[in-house]
Amino acid sequence: MTDEPLDVGVLGYRFMGKAHSNALARLPMFFDDAPDVNRHTLVGRDEEALAEAAEQFGFEHTSTDWEAVVDEVDVFYNLGPNHVHAEPSIAALEAGTPVFCEKPLAPTLDEAEEMRDAAADAGVVAGCAFNYRFVPAIRYARNLIADGKLGEIHQVRGRYLQDWLVDPEAPWSWRNDEEMAGSGALGDLGAHTIDLARFLVGDEVGEIDRISGQLQTFVEERPVAGSDETRPVTVDDAYTAQAEYESGAIGTFEASRVTDGHKNDHTIQIHGSEGSLKFSLERLNELEYKGADHRGYETILVTDESDPYLEHWWPPGHVIGWEHTFVHENYEFLSAVRDDAEFHPSFEDGYEVQRVLDAIERSDETGEWVSLT
Amino acid sequence: MTDEPLDVGVLGYRFMGKAHSNALARLPMFFDDAPDVNRHTLVGRDEEALAEAAEQFGFEHTSTDWEAVVDEVDVFYNLGPNHVHAEPSIAALEAGTPVFCEKPLAPTLDEAEEMRDAAADAGVVAGCAFNYRFVPAIRYARNLIADGKLGEIHQVRGRYLQDWLVDPEAPWSWRNDEEMAGSGALGDLGAHTIDLARFLVGDEVGEIDRISGQLQTFVEERPVAGSDETRPVTVDDAYTAQAEYESGAIGTFEASRVTDGHKNDHTIQIHGSEGSLKFSLERLNELEYKGADHRGYETILVTDESDPYLEHWWPPGHVIGWEHTFVHENYEFLSAVRDDAEFHPSFEDGYEVQRVLDAIERSDETGEWVSLT
Amino acid sequence: MTDEPLDVGVLGYRFMGKAHSNALARLPMFFDDAPDVNRHTLVGRDEEALAEAAEQFGFEHTSTDWEAVVDEVDVFYNLGPNHVHAEPSIAALEAGTPVFCEKPLAPTLDEAEEMRDAAADAGVVAGCAFNYRFVPAIRYARNLIADGKLGEIHQVRGRYLQDWLVDPEAPWSWRNDEEMAGSGALGDLGAHTIDLARFLVGDEVGEIDRISGQLQTFVEERPVAGSDETRPVTVDDAYTAQAEYESGAIGTFEASRVTDGHKNDHTIQIHGSEGSLKFSLERLNELEYKGADHRGYETILVTDESDPYLEHWWPPGHVIGWEHTFVHENYEFLSAVRDDAEFHPSFEDGYEVQRVLDAIERSDETGEWVSLT
Amino acid sequence: MTDEPLDVGVLGYRFMGKAHSNALARLPMFFDDAPDVNRHTLVGRDEEALAEAAEQFGFEHTSTDWEAVVDEVDVFYNLGPNHVHAEPSIAALEAGTPVFCEKPLAPTLDEAEEMRDAAADAGVVAGCAFNYRFVPAIRYARNLIADGKLGEIHQVRGRYLQDWLVDPEAPWSWRNDEEMAGSGALGDLGAHTIDLARFLVGDEVGEIDRISGQLQTFVEERPVAGSDETRPVTVDDAYTAQAEYESGAIGTFEASRVTDGHKNDHTIQIHGSEGSLKFSLERLNELEYKGADHRGYETILVTDESDPYLEHWWPPGHVIGWEHTFVHENYEFLSAVRDDAEFHPSFEDGYEVQRVLDAIERSDETGEWVSLT
């Protein structure tokens, strides 16, 4: 443990770059026991855009050479597209630099495995940034489950519905390309759901024992912005899956980018022998909970001082937003780095998710249930 | 077509017997163009209980011999347990008597096929009483879909969640027995969902092309009421399924009798390229609809005079209940009998549902996706 | 007490006539200990319409002379417009015939007082048909309050919002006329709310101590259907009121017929020192309840066998409708007539409501708070 | 207009101090055209607490002497308790320093009037920090109303319900004291509602023409934290009011700090001749809107790039929190200071709200409606 500020290098300066930079900037005012952090170097390819982003996000330096950076900083954040997750992350780990990598861990199971192994070999903190584990209502839900309030877990139901590709004219991006993204809704959204289910009920139901899944692409090609061209969509617009866990519990999972009327609807429901609960990301300050002493679901506003992370923010009823999950995960990750402590979700956790994503794809191809244990 | 009242014979005098008898009793006051009906004969085995029920439900006669009744009456209602659906229904059809049979059509696909064939041979009206087709909000939803308001249909999601078996001490009944019920949540609840999806989007997406499913039993044996014994549960407490339709649309289905906090939660959601909708049975007067000119779901109270069946009831906002679906389906069925007209859901429709239920069971057993076309 | 069927005479054959006739018709199948009832005579002015209604509603006789009928029948139902509430009801009471009169009891406080006095003199059952007291969820709520689950009652909030006059072209009817209706939204809708609040918390907070109110008419004249004429609207489209109860609790009340998007939204909320609850008529099977052991509101589906009146109907989760409240109130009223027992809401209750309506009108006129005790 | 950073001095370092400091800190990363700001001096009385807060909130200096500060800085924020709003704000204005003062503008109408006049005399920007005007969904709603989507406005209904004083043992604070706070729920919460209604429909309905109100205190004394003493509560726990606007529209208002189950429930509903809308602070990313082309309310997630302020934040569906309203209002206020432009809500707006609060108190005392025009 050291009192020196941690120099953070960040690869990627778009959506995720902004979300993490904001989180880093907010820690000092709200989490007084968080490690001090220097936003040291922002890494990217386009020098001009990079310089502008570094200015906006408060970084001291920029670099177009991640190989130099991973060695130089105390912590390396890999927030680039999925296809650049493996190489820089592994390089950082080999340099002994802790890594925080965006999800899904990798576009393929092979790469995820290499990353997991590199993390194990390096023996430094390696986190996979599944931010929804850090929603207060989710932490609260997990505590209820761990306390046995739902009894024996029977059913898990998770879905992640968005609409940004429902319009066939929505432009092509790397997220529509198998090479760069690995998969579509499955990897981008499904990875979150699979991880969240593991986080909430993994201790109770074990890992997934067998799974069947399907992927579907409704729009086969999309226009390239600023041109007359179209490019093929080589990933799924939507997937569904159903699973049996080691305990005998059953699960259903689904995601889509073409679900009209749902912007960021990540909903998870858990049912046990003595209770049920439901969480929905678009109302992330709320948890619906049916306990043994209830007749119906209670809508809990999880904003009390006693709720996870809430003492750092505002009085009860003063709701927080999506971005706060990044503050919480950065707080936990950086604290683990400082203390050389365990951090979850780890690369190992990211790899376990990837095994499930991979099995869903194989089930779709082979028309068979896939065994995972 | 005749003006003579129709003599109706009804087999079964418990839950469904009461629901249909009530429906028959209410037709004259609310549907003035409905056929006149005599509640002629109530059929059962226990003479004392039968007499009491006949008195309560307003039947003129009772009989313990369905074979005599099917020939005697103008219409035969088969509301008994699933394992007595086939024989009396087929006998009635062979006697040229129109039949209204509760769902699921039969405990096995073989029996369902025989019933379908008997109906085809008889050439009389043979209805399968999937009452949820007759919810005004469902009819309204179907019209929206048929009018193209949702565009091309991409996703169907249906679930039917109840809680009456979540307590392991809830007593054993014929509904827990494979011989008598065929299946558990799958046949009892899933049949409704599969049929409702067909009704809503069948014209748009075709039949199910392939399906995978799983069944699970969480409580292996249950106490026999009024004794110290237990009996084994030989049917599913819950099932899940996922399907691809002929059009490429995908569907997910689920039902459970062990979902704490859900009493009669039959929820169906449809998503298309231009809109979405959601219906939930516990709020059956409402429809949530997201059209192309909307930013979010609109909650429509489907109780206007212009809404399906509503001109027969009360002014806008004066909600109807579950039982009204039986009035509507009896109105339609009996009108079809009087007019010798087509009626849906027919035995053919019931058989199509049974094919899907059967495929789900086979997928669970074989660990493979099952092709249906 | 007698076992002879009660001959019921009913004045009025439109909306309320249908609602009560249906209730009478349904009692035998669902409430086996209800008194037997003959739908004896239907009373009205238009002989043709009357004959048709009698046929539809199952009445044996018709009459255009209520004076003859009130003496002839065992029970008299006064379901006519407000301005014909007093005279026939008083005549019936003077003839010793129990009366069930629709709400509000009368168009003016003077008439309501005469009716109350006539009932007191007659010493027979005289009921004012505030049907919402007979919603199962409302009975359940009242029990919670009586059991002290909400602690000391602090706040009452009631509103009744409809939209059927929001269109300025909606046609004129007797409900827009002060002579015939007494008042508008205030008497038609507000009467329900004032009574429901009294029913729920009257034992806890006492009567209203002082009140201020306002009435507003947004559309000054309306077209007469089938003509080019318009007629002036001489009643309120909307009212608001605020009150202090004897206990120090405070209340706010509101109704409107011009609230776009609200069809029959009768919502009442109660807040106490230890809990809160909320009921809404458009979802009448539900109650939202926040108890001392809750963090938020629990949505209770009040459809269990143990819930008020529910053992007479369907299994849990099989929701009932608006019309069922009439079955319940007819069951209670007729049982009281048979047993010569007390019945609430009585004419006395109806009069107490009228005092409040009258005070609201006076406050609007004088610009002062009005004292009621 | 200048490019020099604005030196901001802030009086108050508790709840509001933190909320505004956070807002100032976040502007550069998200609003690139916002003025540069130095968090210059934090003002308070307790030097130790002040030093700690200055460190946490990122202020360069501290001072216990506001009189020196108001002259020294470019902008003065008055975030202290209500009873210290007037003197420092007026001093700042007299020094020509723009002022941003928390709401309600003052504990009494007299002081509010002095502040308004001082602002008018000074001719610099003087803002009253009603932050809820800066919720994106509220801005969106206001645009709908201004575009005539609701037609002629008939009804306004606002309530602000909290529960932090429902426990009689909740400790006494300055907010329970008339000297320091002016009033209780009325000034603290009601001020927000009155202002929000003015903001949303003021252009359509004019000012309030007459009003009646009541205040109630349910808990007469409260314990002093850390002692055995109690102190009297000399302000209201709850108020209600009803009003008629110049246009004839009617309004109802209510607030409470003793409403169990409601944490920060600021809900406002507007009904017009062609539509309705509803906003609720605990779900501040949502707006419920019923337009002329709708049958029911549409739930709009106001998080699209095209929505007010949202282009500065995250992609659609990535919800923001309560604190973001402070970022928006600081952006607007500071931009107005830089550009010497008009800013609303101004001291004039704050004064108008105070007139209404004062009239409500007078109506409660005199038992009369109070005329405001």
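Lettered A, B, C and D in written order, each chain numbered from 1.
As a working rule, a contact is a pair of C-beta atoms (placed from the backbone, for glycine too) under 8 Å apart; a residue touches a chain by one contact, two chains touch by 3 or more.
All figures in this text were calculated on a predicted structure; none of them were measured in a lab.
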- Listed by label, which chains are in contact with subunit A and with subunit C? B, D
- Higher number of C-beta pairs in contact (B-D or A-D) found for A-D
- Note on the structure: Greatest Cα-centre separation from subunit A belongs to chain C
- Message: Rounded to a whole Å, what is the gap between the Cα centroids of subunit C and subunit D?
- Response: 41
- Message: From the mean C-alpha coordinate of subunit A to that of subunit D, what's the distance rounded to whole Å?
- Response: 36
- Task: Would you mind pulling out the distance in Å between where the CA atoms of subunit B average out and where those of subunit D do?
- Result: 55
- subunit B touches at least 2 other chains through residues 262, 294, 296-297, 301
- Mapping chain-to-chain touches, which pattern fits: line, ring, star, complete or other? complete
- subunit A-facing residues of subunit C, complex: 293-301, 304
- Message: Touching residues of subunit B toward subunit C in the complex: what are they?
- Response: 15, 18-19, 21-22, 25-26, 28-30, 32, 56-58, 162, 164, 262-265, 281-285, 301, 303, 313-324
- Contacting residues of subunit C [partner subunit D, same complex]: 150, 152, 154-155, 157, 159, 166, 168, 210, 212-214, 216, 218, 237-238, 240-242, 244, 248, 250, 252, 254, 256, 258-262, 271-276, 290, 294, 296-297, 363, 367-369
